[in-house]
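Here the chain labels run A, B, C, D, E and F in written order, and each chain numbers its own residues starting at 1.
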Amino acid sequence: MIALLVRDMRLAMRAGGGFGLGLAFFLLVAVLVPLGVGPNSALLAKIAPGILWVGALLACLLSLDRLFALDFEDGSLDLLVTAPIPLEGAVAIKALAHWLVTGLPLTLIAPVLGVLLNLPEAGYFWLVVSLALGTPALSVIGAFGAALTVGLKRGGLLLSLLVLPLYVPTLIFGAEVVKRGADGMATATPLALLAAITAGVAALLPFASAAAIRINLR
Amino acid sequence: MIALLVRDMRLAMRAGGGFGLGLAFFLLVAVLVPLGVGPNSALLAKIAPGILWVGALLACLLSLDRLFALDFEDGSLDLLVTAPIPLEGAVAIKALAHWLVTGLPLTLIAPVLGVLLNLPEAGYFWLVVSLALGTPALSVIGAFGAALTVGLKRGGLLLSLLVLPLYVPTLIFGAEVVKRGADGMATATPLALLAAITAGVAALLPFASAAAIRINLR
Amino acid sequence: MELRVDQLAVARGGVTVLEGVSFALPAGRGLVLRGPNGIGKTTLLRTVAGLQPAAAGAVSAGAEAIAYAAHADGLKATLTVTENLAFWAAVYGTAAVEYALAQMNLLDLRDRQAANLSAGQKRRLGLARLLVTGRPIWVLDEPTVSLDTASVALFGDVVRGHMSRGGSVLIATHIDLGIEAEVLELGPYRARDGSQSSAFDAAFGGDFA
Amino acid sequence: MELRVDQLAVARGGVTVLEGVSFALPAGRGLVLRGPNGIGKTTLLRTVAGLQPAAAGAVSAGAEAIAYAAHADGLKATLTVTENLAFWAAVYGTAAVEYALAQMNLLDLRDRQAANLSAGQKRRLGLARLLVTGRPIWVLDEPTVSLDTASVALFGDVVRGHMSRGGSVLIATHIDLGIEAEVLELGPYRARDGSQSSAFDAAFGGDFA
Amino acid sequence: MMPELGKYAGAVLGSYAASLGLIVALVAWSLWRSAKVRRTLAEVEARAAKAAALKAKAKKHG
Amino acid sequence: MSLWEYANPQKFMQLSRWVLPFVAAASVLCLVIGLAWGFFWTPDDYKQGSTVKIFYLHVPAAMMAINAWVMMLVTSLVWLIRRHHVSALAAKAAAPVGLTFTLIALATGALWGQPMWGTWWAWDPRLTSFLILALFYLGYIALWQAVDDPDTAADLTSVLCIVGSVFALLSRYAVNFWNQGLHQGASLSLDKKENVADVFWYPALVCIAGFVLLFISLVLLRTRTEIRSRRLGALLARERMG
């Protein structure tokens, strides 16, 4: 299992810097939105928590698309399924690797992008906390979507369609934490709910994902 | 050449409804942003032009990623390069096919999403006009990015990184047209600039793209 | 460990392609599947390897005794030869990487990225994976595609070595590998038309057309 | 139309793999390239087909006389057999789809999606593309991979037919196709160590190592 | 007969038109698809029966 | 005889051929009576004016949009547990119907919202969760379409339906948390002070019955089509094999 984690991370690093690119996308969203919306800084401050969370979510989604697809195309998924590690574990590990190369760096760089979007001072701490708690859920849910669409040609966009509605609760609670934090309000409730979602999906969804992969391969 | 257009469009339609999915992503961005930003409709009305343009841009980008990659992977790009049609023409045709299956439907559905984001009445006309004029540029520029990254594993995110800065002028002028239109101001200048960008890239970029493909293949 | 296949029927795309296939493959033996393109060799091997359910019949050996090698090699283009093998060795909990490299004549290429191998070198690496699985039953789908004659002979030696250590091999191939193995011609097992892959499709006749 | 290759050197990944390759292939003739895995056959054929520049030497025939078939078939999985061929026929401006289907024994499969073909059937479709190009010089990289003996014979016939109509073929293969063709063994041309692939490398002599 | 809808006529009539339109479209599409599938199935079923009969005959002779 | 026998395609086809005309007729009858009653012979509300008439479409459609998803959830579970093909195909058949009802609820709601709230669309929790429901329907249908093998598609969509149901509930909760909203509460009251007057209520009940029956007949019809097309696919595949 550790071998799988190491391999996936190594592949992510090697693949033309797949590592930095999730970040880059996040950065670009944070840059493009002010360009589209206009330079009014009070307006930007108001939408910053929401945009940052939506940006993180899209960055996750974009890098997710080939979580299993590459392994499927070159035949290693077949081999992995017949290998002596439980597929549920393999799926969980792959989601973890995905988080380590996208969710985690995203969380760490988010404060910088907060500056670009004029996020109020009080919001930074909560931005990092909410992303740290919420992005693992994004990776695990995304892995489920990727498992459903593995082997379908142009699965990429279908994947987005399937996964984005599943992201809704995470997004709402995550953005709510930051918004409340930025306004100096109590954040305990949405934070607890966010943590509950992450714990719940991490415990249960890998089973659904493994089932989906088995179905897709036969 | 027409055969290539027909084939690409047919592939887009067949591939699990690749046709509708660009739209779906656009729709999802329009849904997610309010979920992140909050339900305040005056706030939404203000950011609507920018968000709609950013959404259209991201929807284009996402579907772009495999414009040449699929042909590269299964070897048809090699065959296409040795075929008796000029590669510049093939690239232009592929960009056109991409626009027909993403940019065009996006333009047509945009007003509906305007409703979701509370776009002011006066903005709808300009939204459609600016997208109709601007999305071809997105497809052509995107084709250039795709040509640069063809053959690189995990080219998808690298592609985003390369292409998004190139999208900046289109985005700025496009969103500006809608913003001015929504506020009842004159739109002639940004509209003219937008048209100039589209005409310019459509005339010149296919040559750069073809060169990039030739380099990537050897 | 014996592999026993009993009245197996296999289906692809909802259509039964082979039916009534039975054979036994004792330890230390080999069996070569032959048959024209499209008869269903790949489908049969995937079923035996446990990747798809059988339409009817049974496969005795558990999937955890079987190492499967498909048309595709499952190589990661950005990893080196050694890294590719080491990953599978770790997954299967063995430490035979060096041995496998030596056996498949890959020592010179060990630090090359898989992307930079020729077609035949890639295939050799794909086959080397079998040696690090440590599993007794090898199920191989056209293993010698792209190999030159020297490499085919090399691979024949590897297979013979595996059999002499009590392993068994089930191979679908169109060419002669030069190993002593029984041959099963698949022609006679071709499913008669009219057979259906699921009870559901069979469950209703034409009476409500 | 004659294909003439003169003192050709080809490079892959910045390393010259073959050099000093010369041969002439007159119309109506065949030439088989042989050589162990990794000697550089694929690299040579890609250079001849104009997909990569030569490191040195020259290829006489223009790329527009050549039809190239690579390790990969270039099939679109979601298109049917006929649609796949019809596309290439339209690109090359010919109308030989029916003829090609008949020649490669694909008539029964004509409405099947390429995704649902077996390995050998896919390969037959990939080769059928050659017939719709209408080009005189075929450059083929291991064309018979995955084909059964009947299909190899069928393809042999197709190649002979092409040659009898004044076409020529250059084939890299490890097996015997049963066509009358000269054979070029690639071993001896192998680039000596130290040969450099580009003017750049040559310009940096060892004097500041 | 027609009730007085007042200033909301647009909204009310629009709702009825949109809803009935969607329902009619769905019903029409379902019926059309049903008829089409039924027809093709009958054709293919007949073809299959004929092929089976031919095969049986061939077996008897050969 | 157990209920499961109707999951046998032949039994199902026989039964549904017999039942379908009656259900369809009943649904047309209920819809015509209910809608005509509501449209022509009910008074205007003192506050909402003639817009109450939208109620007869909006509420039944909204209810059935949710019920259709519940039915798909149940049939998906039955398919996964008992492998009854009719069950999977019924889920497939129901999805477009559910989506249509969702769209009707959204469209009538939007048309209602314009006079009542002065806007076509507001990010009210109910409306938002219905929009999300529409997305779930879309994804579900797209997944059915994207997979070639029918059994694989049935398995995958069933898994999606189950996981999606959990997330749909979660989203509903999240959306409520996010915005308290303008929309009516779950009580069936048009007017905050009292329950809906009987004059509005009786035709509404008939309409609801009509929508339920319409749903059943459409699902029966479409399931019959799906079963036939499944057999058609099998026959064609066999033909191609030669």
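Following the convention adopted for this analysis, a contact is a pair of C-beta atoms (placed from the backbone, for glycine too) under 8 Å apart; a residue touches a chain by one contact, two chains touch by 3 or more.
These figures come from a predicted structure and were not determined experimentally.
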| item | value |
| --- | --- |
| Chain whose Cα centroid lies at the greatest distance from that of chain F | D |
| Contact-richer chain pair [B-D vs C-F] | B-D |
| Most distant chain from chain B, judged by the mean position of its C-alpha atoms | C |
| Interchain centroid distance [CA atoms averaged], chain B/chain E, Å | 37 |
| Mean-CA-position distance for chain F and chain E (Å) | 19 |
| Between chain A and chain F, centroid-to-centroid distance (C-alpha), Å | 32 |
| Sequence positions of chain E contacting 2 or more other chains | 38, 41, 45 |
| Residue list for chain B, restricted to those that touch at least two other chains | 15-17, 21, 24, 28, 31, 35, 38, 73, 153 |
| Contacts with two or more other chains, residues of chain F listed in rising order | 132, 135, 138, 142, 146, 148, 175, 178, 228, 231, 238, 240, 242 |
| Partner chain F, residues of chain A touching it in the complex | 144, 148-149, 152, 155, 158, 161-162, 164-166, 168-169, 172-173, 176, 189-190, 193, 197, 205, 208, 211-212, 215-216, 218 |
| Chain E to chain F touching residues, read off their complex | 1, 3-9, 11-12, 14-16, 18-19, 22-23, 26-27, 30-31, 33-34, 37-38, 40-41, 44-45, 47-48, 51 |
| Residue ranges of chain B in contact with chain F within the complex | 16-17, 20-21, 24, 27-28, 31, 34-35, 38-39, 41, 44, 115-116, 118 |
| Contact footprint of chain A on chain F as seen in their complex | 132, 135-136, 138-139, 142-143, 146-147, 152, 155-156, 159-160, 162-164, 167-168, 170-171, 173-175, 177-178 |
| Touching residues on chain B, where the partner in the complex is chain A | 12, 15-18, 21-22, 24-25, 28-29, 31-33, 35-38, 43, 46-47, 49-51, 53-54, 57-58, 62-63, 65-66, 70, 73, 152-158, 160-161, 164-165, 167-168, 171-172, 175, 179 |
